[in-house]
Amino acid sequence: MNFILTNIQFDLSAIDSDGLVLVIVGYCIVFMALLLLYLFFRYIIPTILRVKIGKGSSNKSPDSSETNQIVEVTGEVNAAISMALYLYLNELHDEESNILTIKRVSKVYSPWSSKIYGLR
Amino acid sequence: MKKLLTIVSIIVVLSCISFAFSSKDTETTGSAQKERIINSTQPGLSDPSSGTLRGLKQFFEYSGFNNVTTGHLVMLLVGLFFIFLAIKFDYEPLLLIPIGTGILIGNIPFLQAEGVNLQLGIYQEGSVMNYLYFGVLKGIYPPLIFLGIGAMTDFSSLISNPRLMLLGAAAQVGIFITFLGALVLGFAPPEAGAIGIIGGADGPTAIFLSSKLANGINILADGTTVRNLIGPIAIAAYSYMALVPVIQPPIMKLLTTRKERLIRMKPPRAVSRTEKIMFPITGLLLTAFISPGSLPLLGMLFFGNLLKESGVTKRLAETARTSLIDIVTIVLGLTVGASTQADVFLTSESMLIFVLGALSFMIATAGGLIFARVMNLFLNKENKINPLIGAAGVSAVPDSARVVQNIGLKEDPSNHLLMHAMAPNVSGVIGSAVAAGILLSFLL
Amino acid sequence: MKKLLTIVSIIVVLSCISFAFSSKDTETTGSAQKERIINSTQPGLSDPSSGTLRGLKQFFEYSGFNNVTTGHLVMLLVGLFFIFLAIKFDYEPLLLIPIGTGILIGNIPFLQAEGVNLQLGIYQEGSVMNYLYFGVLKGIYPPLIFLGIGAMTDFSSLISNPRLMLLGAAAQVGIFITFLGALVLGFAPPEAGAIGIIGGADGPTAIFLSSKLANGINILADGTTVRNLIGPIAIAAYSYMALVPVIQPPIMKLLTTRKERLIRMKPPRAVSRTEKIMFPITGLLLTAFISPGSLPLLGMLFFGNLLKESGVTKRLAETARTSLIDIVTIVLGLTVGASTQADVFLTSESMLIFVLGALSFMIATAGGLIFARVMNLFLNKENKINPLIGAAGVSAVPDSARVVQNIGLKEDPSNHLLMHAMAPNVSGVIGSAVAAGILLSFLL
Amino acid sequence: MNFILTNIQFDLSAIDSDGLVLVIVGYCIVFMALLLLYLFFRYIIPTILRVKIGKGSSNKSPDSSETNQIVEVTGEVNAAISMALYLYLNELHDEESNILTIKRVSKVYSPWSSKIYGLR
Amino acid sequence: MKKLLTIVSIIVVLSCISFAFSSKDTETTGSAQKERIINSTQPGLSDPSSGTLRGLKQFFEYSGFNNVTTGHLVMLLVGLFFIFLAIKFDYEPLLLIPIGTGILIGNIPFLQAEGVNLQLGIYQEGSVMNYLYFGVLKGIYPPLIFLGIGAMTDFSSLISNPRLMLLGAAAQVGIFITFLGALVLGFAPPEAGAIGIIGGADGPTAIFLSSKLANGINILADGTTVRNLIGPIAIAAYSYMALVPVIQPPIMKLLTTRKERLIRMKPPRAVSRTEKIMFPITGLLLTAFISPGSLPLLGMLFFGNLLKESGVTKRLAETARTSLIDIVTIVLGLTVGASTQADVFLTSESMLIFVLGALSFMIATAGGLIFARVMNLFLNKENKINPLIGAAGVSAVPDSARVVQNIGLKEDPSNHLLMHAMAPNVSGVIGSAVAAGILLSFLL
Amino acid sequence: MNFILTNIQFDLSAIDSDGLVLVIVGYCIVFMALLLLYLFFRYIIPTILRVKIGKGSSNKSPDSSETNQIVEVTGEVNAAISMALYLYLNELHDEESNILTIKRVSKVYSPWSSKIYGLR
């Protein structure tokens, strides 16, 4: 480790104005991008949907109620949802969900995993 | 404890060893390659018995036993270790198994001498690995992976509580601080940019950006060529993504109070189908107008999501999130692993990249946590955010969201944070892709 | 009514606007690109605050907001309109969603200046889109699509009543008349051939032929280079295929009498497995001997069908009609859409192509209808053909066959024409591929 | 639109002999190709199949009966077949058929599968 | 009997005919191509009627009817015969249907004259087939096939009785004897090596090695270019693999006594999951150290197997053994078939290759059988091997293992040899890949 | 065939020392490779597994019993296993196993093969 410490040069002067500028501007823009997206979905999209519904047909109204209503949920329900979501995510990560049927069928039969050996 | 040991061992082993062998190996390899027996030029050796001996010698010249160096053995151990981690601890197995096997394949020693091209190594023209590596080198695979990810991601949590997107932006501070760190350690600006993106905690984004900025091809302003850092950057990114459950918890506990960790958040509202369809379209247009450089990644991500949410292209979405992403994952993982050929990979730069990568993840986590606490200062009581979910802003979907869930449950077994953590988690993907786009336009 | 509005709006909007901006945009773009700030060459700007200002300026230079032109906005609206059509009216969503999103991605404005290659645009070397576009440009994707189509098409209806194949031939008149029209409007013969094939109502065929004849690469006899019309031709073909339910009905009503529309046809006979196997083999050999140029398309179509009908290669057929065709569809649609980059796409040629394409579809429909009536003159009473099914000869499988079914049901709710219409429908695919082969050999 | 009309030149002389020849010959060949295919499947294939059966094994005969017999079907049956075919085509077009689990969910509503038609 | 007829007919037909037409066809083709009518250069032919005549003539010039040669017809018959074999006798249909159709597509006659490139033939630049053929020519497809095979192969039988691996080694004698035979018949050493590998009875291995050694590109020591033998070698390999149930039984009966054929073997022991995971890893490292040249094939085979056995990457293994291998099989089969274009394929070399290939299979079978008998001399009574399973060492998975099972059942209907035969069967795959690696390093 | 025999030259001198060497060395190496693999799985892997179990946790012991125990199986069971394996291999070869469900589902309905025609 001694070798490492002596060898590496910490050259702070390498951070020139260009680098700093990139860092400051870059981070701001990342914020700006997600801020804009936030503002869009917080204010503009709901407005559009509302306007559309105002003009639109009655069969759109369930949509609108979904969009605007904040549902009160008890802790238990919340927990249940989280659980379900957790399971879903696990599934998503293991990424097996979409080939469930297939897998169940294609499970290769192998005599070595057979029950007659009494090992499983 | 076992986990801490794991992460420490990775860093130490990789770092130290990479130094130890970076200079010595070239010699060994060189000497082993000098004498290549060319049959036809050797006169008077026509009797079979001496011929067989000669043949055996030639066989031995070509075999791995003759060409092996300490570097090869180190990397083979690293490959085996990756496979072990994947199978034993289930850390990102879909990535670590292909990468680990790739490391094995890429570090089988073979005869590399001037004028001899056996078309085996990933850096040798005409080898299969070289052809498959093309998609890494040109940044083609990562967007295809993003297409599949888009087709399997549900952005509902983000749409229902768009405020949480900002946490995904905050965590990208890791990228920019690491960029500065890499500059300080002597990397050229484009290389530093590619190294910084490790803090984005997205393998495909890291590979994409490094294939554009640190690909061993581009010429810098001072006439030198950038180094090819795709391998170390990708390996660092995936290693730490796999180790998120080890890296994050201590930082999360350090930077939040117990009281904060107990905060319960309002359940998210329901999201309409129209909103779900609007999201990828709006997201694509907004982010691409702000940072056109993020288009290859985010264009594909939102395209995949539109295939999923439009409801009229289910079969395309299905294929994108199964066969297509699987095929690309197999090939990407394998070639990224194989690109760690010892003589290219075991350098002091790789070690520095590993150290910077670890820092990057920690800073990103801290950034998300701190910003969540800052946000809370401006929010009224019933809208307070549990700052733990800020840690999910680093992305590493969905591992860091799970970590949040677990830490939250430890404090209060009835406080499920997962669905809230998913919002910063997926917006972290968007955030780091935007950052990649900016780095690309400024540094290319 | 709503449908009529749809089609009119597409033509008008696309046509007019393409004119309005074809000349102006180049200037705007040009001026916006002149001043690119190169960091290193600017002296004396080392204090961070002015630096940040400069950085923001550079960011703005690169952003879409700075580089946007009216052309971009027009094309973005077109892309959104395609996505809207697909989701709202379910018009060919498997094509319009990828193409629509492709149009969005291809028309995100970014900095395009001389010597600057950000590797973003589909026409910029090294961009992901450019790599994926390769398969369009070289005509690789369309045959793969045909492979999948072959593996999902049942030719039974055609085998059981082979007479109806002639209707698929008759409708190809649209191709040749449009070819003449394009010549008259000043297109070079190869370009005219590629434009004519829009009347074949097969997206893959149109893309394949235009990639060979109007690809922006070939040199004409007079030394000029052909224009790259792949984008406009593909967009026109897919747009009108999506709008078949809007375009065809009025023509069908105009060119048939009510009495004819009420004709009932004999149910088709059963078809043996042997015949089903013989069909792709015979079809391949016959059509390829007559028109070898159609081999890339029809060879693949019949190969796919043989995989399906042979009964011993089910897993290959299954993959051909699912993963394989899906992956190619995603990539093809996306890149064809993205190839409509405003500065390339919004030209007076594109408008002319759209007008010619619409005519082409109408003539093709008329050709099929009229030929059916002519055939009836030679058929005895019990074998008479319901001329409506002639309209299905344009292909656009299976949309135009469904249109026939619907129109038929309106006249007589118990007269199901669908199974009869499938015969000219699929033979229309063969017919236009043969026509493409002929155009290819005569015009290449 | 005025602009368009003045700008575009209708140059009828652009249709030279070559172009016309291509049109005439091309259209003829397309016809010829499908005509040949028709003749093949109308006359030659049935002959081959008949010869084969004449020579061949008895287990091929069901095939031949399939090939030659023209079944009389009533209008109702015809309608039912068309319905089924229509459904099949819908399915083909929506292209969902090959993924079972998914399909069950995404199965597009179609009036022909409705009970009110009494067909299922 | 029918089967014997089959094999004899293949060899005789292919061999004789290849001679008969190898020299004559070039002339015929040449003369047919001389006069290409170029429209623009012909003056004074402007009236439509003579023009139409001229057009018809040009059409005829381009059509297959004008360009057909006896060679084309012969190859078309061969293609139809392959399809027939696959459908009628179910001989390796997944390979013979694509290859057979490929032969049809590759032998459609079209205008081939100097300066004319219609982009139709597999050897013409810019044709779709040419692009797809790239993966054959560069040896990219075979490793991908091996990836899929690895993901579907269960090595349990081999792990439980590792002794049987030696039988897989013994059968590779066919490769080396054939190599000598090819040398004797005048082939250059690299060509002889590629021909020898036919005896390995693995299509992908044969294609891979011939794409490296006999690809029509490499330059020999004496300055001449090696011939492109990929087509004949691949066709020979797949033909004989399909005909394993015809070729092997007589040899098996000849070289074993009835008493030996009745030997019952102990049932294999159970194999733990750990062993199954260790196998691909150990196998990869050992074989690659011994013969690095086998890495492209065996690396992928063992990678696929690790995806399967690790238990944590099921979705990747699933995709590797379905979509991925199917897509590659379709394209590989089709292009290998199409590479048999008459003028390239029908040569005396092809005939010699077919004869050598048949010998090769026979010698390999004999090698496995004899070695099994030799092994029995050293084994105590209860561990004796039934020498029939030696025949499975040629690989041709799983056909030759089934042949063993069938012959065994004929002698004793209760003696099931299949699970024992699988061990030499899969180790034969490893053995021939190692042999390919050695040939590659010695002959490249 | 006469033509062939006269035309082909059997040039035994083409087998030079190099060729013979390659054959001898090559065949030996193939043997060596598989021999090494054999030795590894016969001796080293079992040792490793045993050592691991010696050191390791008790939950590994079923593994070890699997590894070392040679189960006695009667002829009938053996036959049953072989049968099953045979079936499995058939399945593997036809390579339909993994898309079984799919196929059954996606079987395209075609009126021409329908029973209502009374042809099947």
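Think of it as A, B, C, D, E and F in the order they're written, each chain with its own count starting at 1.
Note that in this section contacts are C-beta pairs under 8 Å (C-beta built on N, C-alpha and C of every residue); 3 or more make two chains touch, one makes a residue touch a chain.
Every value quoted in this text rests on a predicted model; they were computed, and no experiment measured them.
Engineer: When the CA atoms of subunit A are placed over those of subunit F, what is the turn angle between 0 and 180 degrees, to the nearest 5?
Structural biologist: That rotation is 120 degrees, given to the nearest 5.
Engineer: Give the chain pair, either A-B or B-F, that is connected by more C-beta contacts.
Structural biologist: Between the two chain pairs, A-B has more contacting C-beta pairs.
Engineer: Looking at CA centres, what chain is most distant from subunit D?
Structural biologist: Of all chains, B has its centre farthest from that of subunit D.
Engineer: Just grab the chain with the largest centre-to-centre distance to subunit C, centres being mean Cα coordinates.
Structural biologist: So the chain farthest away from subunit C turns out to be F.
Engineer: Matching D-E on over half of contact pairs, by residue number: which of A-B, E-F or B-F?
Structural biologist: Among A-B, E-F or B-F, the interface that shares over half of its contact pairs with D-E is B-F.
Engineer: With centres defined as the mean C-alpha position, give me the subunit A-subunit E separation in Å.
Structural biologist: 47
Engineer: Could you state the distance in Å from the CA-based centre of subunit C to that of subunit E?
Structural biologist: Each chain reduced to its C-alpha mean, subunit C and subunit E end up 39 Å apart.
Engineer: Distance-wise, how many Å sit between the C-alpha centres of subunit D and subunit F, to the nearest whole number?
Structural biologist: That gives a centre separation of 44 Å.
Engineer: Compute the distance, rounded to whole Å, between the mean C-alpha positions of subunit A and subunit C.
Structural biologist: Distance between chain centres: 36 Å.
Engineer: Tell me, which residues of subunit D touch at least two other chains?
Structural biologist: In subunit D, 18, 20, 22, 25, 29, 66, 69, 71, 73, 77, 81, 85, 92, 95, 98-100, 102 touch at least two other chains.
Engineer: Of all the residues in subunit C, which ones touch at least 2 other chains?
Structural biologist: As it turns out, subunit C has residues touching two or more other chains at 40, 58-59, 94, 269-271, 290-291, 315, 318, 322-323, 419, 438, 442.
Engineer: Going by the contact rule set out above, which residues of subunit D touch subunit C in the complex?
Structural biologist: 1, 3-4, 7-12, 14-15, 18-20, 22-23, 25-27, 29-38, 40-42, 45, 48-49, 63-64, 66-71, 73, 75, 77-79, 81-83, 85-86, 89, 92-93, 95, 98-99
Engineer: Going by the contact rule at the top, pick out the subunit B residues touching subunit F in the complex.
Structural biologist: 39-40, 45-48, 51-52, 54-56, 58-59
Engineer: Which residues of subunit E touch subunit C once you look at their complex with the stated criterion?
Structural biologist: Residue list for subunit E touching subunit C: 40, 55, 58-59, 62-65, 67-68, 76, 80, 83, 86-87, 90, 93-94, 97-98, 101, 104-105, 108-111, 118-120, 126-129, 131-132, 322-323, 326-327, 329-330, 334.
Engineer: Mind pulling up the subunit C residues that touch subunit D in the complex?
Structural biologist: For subunit C paired with subunit D, touching residues are 15-16, 19, 94, 152, 159, 162-163, 165-166, 168-170, 172-173, 175-177, 179-180, 183-186, 189, 192, 264, 266-267, 269-275, 278-279, 282-283, 286-287, 290-291, 318, 321-322, 348, 351-352, 398-399, 401-402, 405, 414, 416-419, 422, 427, 430-431, 434-435, 438-439, 442-443.
Engineer: Residue numbers of subunit A touching subunit C in their complex, please.
Structural biologist: Residue positions touching the partner: 16-18, 20-22, 24-25, 28-29.
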